[in-house]
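The structure appears below as structure tokens.
Letters are used for the chains, namely A, B, C, D, E and F, taken in the order the chains are written, and counting of residues starts over at 1 for each.
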Amino acid sequence: MVETVFMAELSWPEWREKIEGGAIIFIPIGATEQHGPHLPLNVDVILPTAVCEAVARNTGGLVAPSLAYGYKSMPRSGGGQSFPGTASLDANTLSLMLRDIIRDMGVHGVRRFVLVNGHFENTWPVVEGLDLALRELRRDGIADVTAMRLEYWDFVKQATLDRIFPDGFPGTELEHASLIETSLMLKLRPDLVDVSKIPQEGRASFPPYDIFPPPPGYLRESGVLADARGASAEIGEWLLHDHVSMITAAVKKEFGL
Amino acid sequence: MVETVFMAELSWPEWREKIEGGAIIFIPIGATEQHGPHLPLNVDVILPTAVCEAVARNTGGLVAPSLAYGYKSMPRSGGGQSFPGTASLDANTLSLMLRDIIRDMGVHGVRRFVLVNGHFENTWPVVEGLDLALRELRRDGIADVTAMRLEYWDFVKQATLDRIFPDGFPGTELEHASLIETSLMLKLRPDLVDVSKIPQEGRASFPPYDIFPPPPGYLRESGVLADARGASAEIGEWLLHDHVSMITAAVKKEFGL
Amino acid sequence: MVETVFMAELSWPEWREKIEGGAIIFIPIGATEQHGPHLPLNVDVILPTAVCEAVARNTGGLVAPSLAYGYKSMPRSGGGQSFPGTASLDANTLSLMLRDIIRDMGVHGVRRFVLVNGHFENTWPVVEGLDLALRELRRDGIADVTAMRLEYWDFVKQATLDRIFPDGFPGTELEHASLIETSLMLKLRPDLVDVSKIPQEGRASFPPYDIFPPPPGYLRESGVLADARGASAEIGEWLLHDHVSMITAAVKKEFGL
Amino acid sequence: MVETVFMAELSWPEWREKIEGGAIIFIPIGATEQHGPHLPLNVDVILPTAVCEAVARNTGGLVAPSLAYGYKSMPRSGGGQSFPGTASLDANTLSLMLRDIIRDMGVHGVRRFVLVNGHFENTWPVVEGLDLALRELRRDGIADVTAMRLEYWDFVKQATLDRIFPDGFPGTELEHASLIETSLMLKLRPDLVDVSKIPQEGRASFPPYDIFPPPPGYLRESGVLADARGASAEIGEWLLHDHVSMITAAVKKEFGL
Amino acid sequence: MVETVFMAELSWPEWREKIEGGAIIFIPIGATEQHGPHLPLNVDVILPTAVCEAVARNTGGLVAPSLAYGYKSMPRSGGGQSFPGTASLDANTLSLMLRDIIRDMGVHGVRRFVLVNGHFENTWPVVEGLDLALRELRRDGIADVTAMRLEYWDFVKQATLDRIFPDGFPGTELEHASLIETSLMLKLRPDLVDVSKIPQEGRASFPPYDIFPPPPGYLRESGVLADARGASAEIGEWLLHDHVSMITAAVKKEFGL
Amino acid sequence: MVETVFMAELSWPEWREKIEGGAIIFIPIGATEQHGPHLPLNVDVILPTAVCEAVARNTGGLVAPSLAYGYKSMPRSGGGQSFPGTASLDANTLSLMLRDIIRDMGVHGVRRFVLVNGHFENTWPVVEGLDLALRELRRDGIADVTAMRLEYWDFVKQATLDRIFPDGFPGTELEHASLIETSLMLKLRPDLVDVSKIPQEGRASFPPYDIFPPPPGYLRESGVLADARGASAEIGEWLLHDHVSMITAAVKKEFGL
């Protein structure tokens, strides 16, 4: 059997052995969501899965099967639910799903989880699912589970951002399908990127509120919120390096590795 | 961008174009479940995904992201929830998840679904999720969705079974982690099979009822229910050929392709 | 007060006394579902209730009030939801109902349950309801409950089947409203059977998949899936004898009576 | 087939014919609840079922299978959940159950329901279940369903109460397992009444509030809240006559029969 | 910081100090519901909040933020959901809300609750929410919580009723927006009462059953069920005095103050 | 009756008249959450309610009863659930509550909502509740509802921030119970602020991830995340002016007033 950090590729005795040895379970949490005309629907799955894989390798952990469906896309951060191909879950569904997975692995001995989110809108249903899981595990007599929860994009050095955005980093919220995600995909899965289709538009601009349903003209037709021009595998490599090294360090610190 | 039948690898305009052309969405529904000491935890994901991929290719369809977590394992068909590594969902969670995915894709124009189940215990939560989705879609004014639902292992020629089991096919229920699944994995992912660990036991035997919690001695320690000895990639190829050709035929017949 | 095995006919001190003596609670789980033009809607209630009554009598147990509404009928096993008179529950509703009943009786001291299912489609919502009940009871500090769960029709001798089906038993799935159920009803409630209305059709034949909604011609107009001609009270007696004696034996074995 | 008003005893074509003729569906809603040492656990099922049977006969209606499990017993009206033998549902479970049944029969053509409650604590979960059903039916395009909902004991003539309680009727709330219910059971199922066990106590007295959990001494040990001495089949006959005749009149008036 | 009994006006260390000293938490549970043309929508919030404030002051307790949205209005007790301005919750929503609040305060050390209901239809969802909270708290290892639950209007002296209704008190159920509630509002918030708009109608009369949806003529156009003429602040003062003194006495008795 | 923008203070005919005139409903959504030793538990209710009141006055709208209980507090934005006095809802509860309120008012004719959030952690359960409400309203045949959703603190001029934070605004996330909220409370409810208790600490600092449960030392003992020293009613006035004027402008723009 191959040397792998993906728990799904282990047999159950191998999984048990790793868990008994204290292995951390990393759960990549993504979405099936439009990412413009130049990127595939699985960007938010591929990126956190890649981060998890590398960090798990660095820390002796295991990567659980990725959650490929996430919470609903919002216009201001992901283009919104009106784009075909976006297939999303109600908040409660996603929370229950995460609750069940964590609870079941907790019952089977996992004591340390790292939840790596790759889709902005997932944050709160994931927080809730985790809280429900820990509450239920305590009722099942298992009170010593610790979970770290993070968005991978928050782990980047200021120097890297300065290098990528010499005029100043405009913030993560509009980075949907834009320079950062495109670069990471060019690094990780260039076969799934069609740079010729990168929209030649500038940055989207939103008022500081949501409108449901979005009025005409509110959404950008392309689904891209900022500017992906200039994306490169090299930039992707810089970002990925930061994500992996900084999350590795945080995991080691918090779990005393 | 690559030629692919996996919808997650398409951009949203590409997805929309396929759906507007009437593409069927295939949903592989699996589980993360123990499959003995010689097989990985993802057997029930790999097998229906491979079937979906081939049938989608034959019918111009698309494969949605696989559901990697399924309903709880039962002792008589999967070994049960007590095996480490098995990570399962409550029935309602799985039903809601499928409901949301189908509803969302229905709203975005999909009118034809094929749900391919790879984990015995999923059948009923999947039936329910599908029923809930169709009910909600009708309330959303979308009444012309058709869905086919199947277990891939039901599509096999008697001649093939006779060839594999010259003494008579003992039925699918105990085929968990046994000759059939092992052969299919040897065909599809031999890197994930460790034939040296195939248990040297005969066939498990269960009384015609469930006992919760399972009494001592009820479960087989290995998690394998029948005999996997004799499994081969060649047998896997026979089976896969039947699954793909017969499901392709059924899909073409039902959807008038 | 009468000598009865139906718990509903006991006063609460009588019930308590029986439970303190270790009485098993039998729960008949049925449905209100079409059974062709010759059988009433309550076949799936009457049959498991009769089995429970007899087995409870043999084992000193008590029969809880029957669940008269079950999970949705499926075309391939019960004709489907389109038949008037079928009145069914969502899966989650049925699971919650069973969860509540078992949990409440568990809190009141019941430690041994036998769930006797009389409606094919109930199997999985019942499994889930039982699992939820046991999980909640454990959280309530009650960890020593044991439950047996079964379909009564799985308890029949091969010799009996051979006697009834000299050309070979075609399997239970299509036995809806057919020879077996009609014979059992002729034995138990002949007043509710109208043999003159038994359809003069052969056996239904289904492809190995579900289609929702069922396409025209998929369903049999009568709601009968196999052939009920030849049914008799005598056959019903053979079957009932097997069901009762074999389930009695299994209960005694599992619960050490 | 027998002449019956119980829909469960009809075949589906017979049921359809009745419904197409405008038959009202009566749903008896009961409970499995302690009723003192002299009455069985099914008092709250038997009484509304008997009322439904008679009123359905008077109005050409059909009686659906009784709901045998109801909402939790409260100390001030039913003795409370601490009595063994009481097996109850969470409010949401009962509401969902009723929602499903009404929705399903509504989809199959029923347009007129009468819900006859026999267990005080059921009132509100039944109201909610009915409201949910009507809301869902409207979303399914069925907006012309009418439902009457009642407690049978509210249909009694003042003259009858005066005859039974010459010193004044003390109100229904404490009538649990007392003179009224005992008399009705003596009329309908004397085989299930043990008059020798009627507690020789006076009327219970409660403060105008609930305390959870009930403090020591709050509950009456027998589970009987008022005085059942003096109960007789004759009184039961007076009451039953009022219930049936007055509910019949109300149904005829509201449904224009 | 002000001397207050409203917990929301305390800082968290102040709240903690009160709770550590054994303070009872009073929860006013109201509704946003039509109360005729002369009363505002918040009558059912103002009244129980005022009662809680006074009783908390008398008993050293704290008043939690009022629940301003309640269960659906019923035609026979509140006019029903068809009146504009009534904004209500599903039963399960209200139960979950109360469950969460009580559970959370229980986890933070509260051991004594008094739930003061001001909206007739809330009773049962509140009962259920309380039951769910206590059940979950027990599972969280907190088994010593006591809760009193009451409708404030049940605490009134017969002498007071005799004084207000010299011809006999007709019962609370029709007192919606009528003499009692109008008088209490004239006492507490005369600025929100427009006596000139009190309907000049007599008492509404309802049959002893519900009809859904209410037939034409069933509802009173004004939304007032009885006669509010004659309401006065003085009567309000009599009533409020009874409510506060009698509930204070009951709380002191039950909690040993 | 008083001139008011609080809908709860209107009678139902007055409410109807306003809605028929197109009035927008503003819903303040708060929380009961610790805000340090110097501020009360209701900061997150008072602030959005005050904003709603002023904007409703500017736009002819009505303010619905505030939601006084919100989603769980998170350590990095509100101190977390471990602080006594914080009483929170599960995400699903809050979403259902908002769903019910909006749905009910939508059924009664409201077509324009503005949801004003005052508690950071509420954002996503509010988004979900709104989405569920709009979905259900569409199924009820009401498709023309528009809702704006916002956090009031996002409406502030850069010049104001520059004036308050001459060294640069450090971002809203840590502003819990700090200079901004304290200043707004000093403007609106100085009676509830105890400036002598403002912690003399600097700004809290968190790693870019959550840890559940928070490890020792992770939380600040005071519950204050940044520095409230320097807060003043004057600063509160600047902020409130921005919030009200900018939200008023946005509402007018979006709703064409």
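Here is the rule we use: contacts are C-beta pairs under 8 Å (C-beta built on N, C-alpha and C of every residue); 3 or more make two chains touch, one makes a residue touch a chain.
All values reported here derive from a predicted model rather than from experimental measurement.
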*Chain-contact steps, minimal, separating chain F from chain A*: 1
*Moving only between chains that touch, what is the shortest number of steps from chain C to chain F?*
2
_Quick check on chain E against chain F: do more than half of the interface residue numbers occur in both copies, making it same, or fewer, making it different?_
same
*Would you kindly say which chain has the C-alpha centre located farthest from the C-alpha centre of chain E?*
B
*Chain centre separation in whole Å, for chain E relative to chain B (CA means)*: 54
_Separation of chain C from chain D, taking each centre as the mean of its C-alpha atoms, in whole Å_ = 26
*With chain centres taken as the means of their Cα atoms, state the distance from chain B to chain F in Å.*
47
_Sites on chain F at which at least two other chains make contact_ = 90, 92, 139
_Chain-chain contacts as defined at top_ = A-B, A-C, A-E, A-F, B-C, B-D, B-F, C-D, C-E, D-E, D-F, E-F
_chain B to chain A touching residues, read off their complex_ = 1-2, 7-13, 15-16, 19, 32, 34-42, 45, 64-66, 68-69, 81, 83-90, 92-93, 96-97, 99-101, 104-105, 108-109, 191-194, 197, 223
*Which of the residues in chain E come into contact with chain A in the complex?*
139-140
*Spell out the part of chain F that touches chain A in their complex, as residue ranges.*
71-72, 74, 90-92, 95, 121, 123-125, 127-128, 130-132, 134, 146-151, 154-155, 207-213, 215, 250, 254
_Residues of chain F touching chain B in the complex_ = 135, 138-139
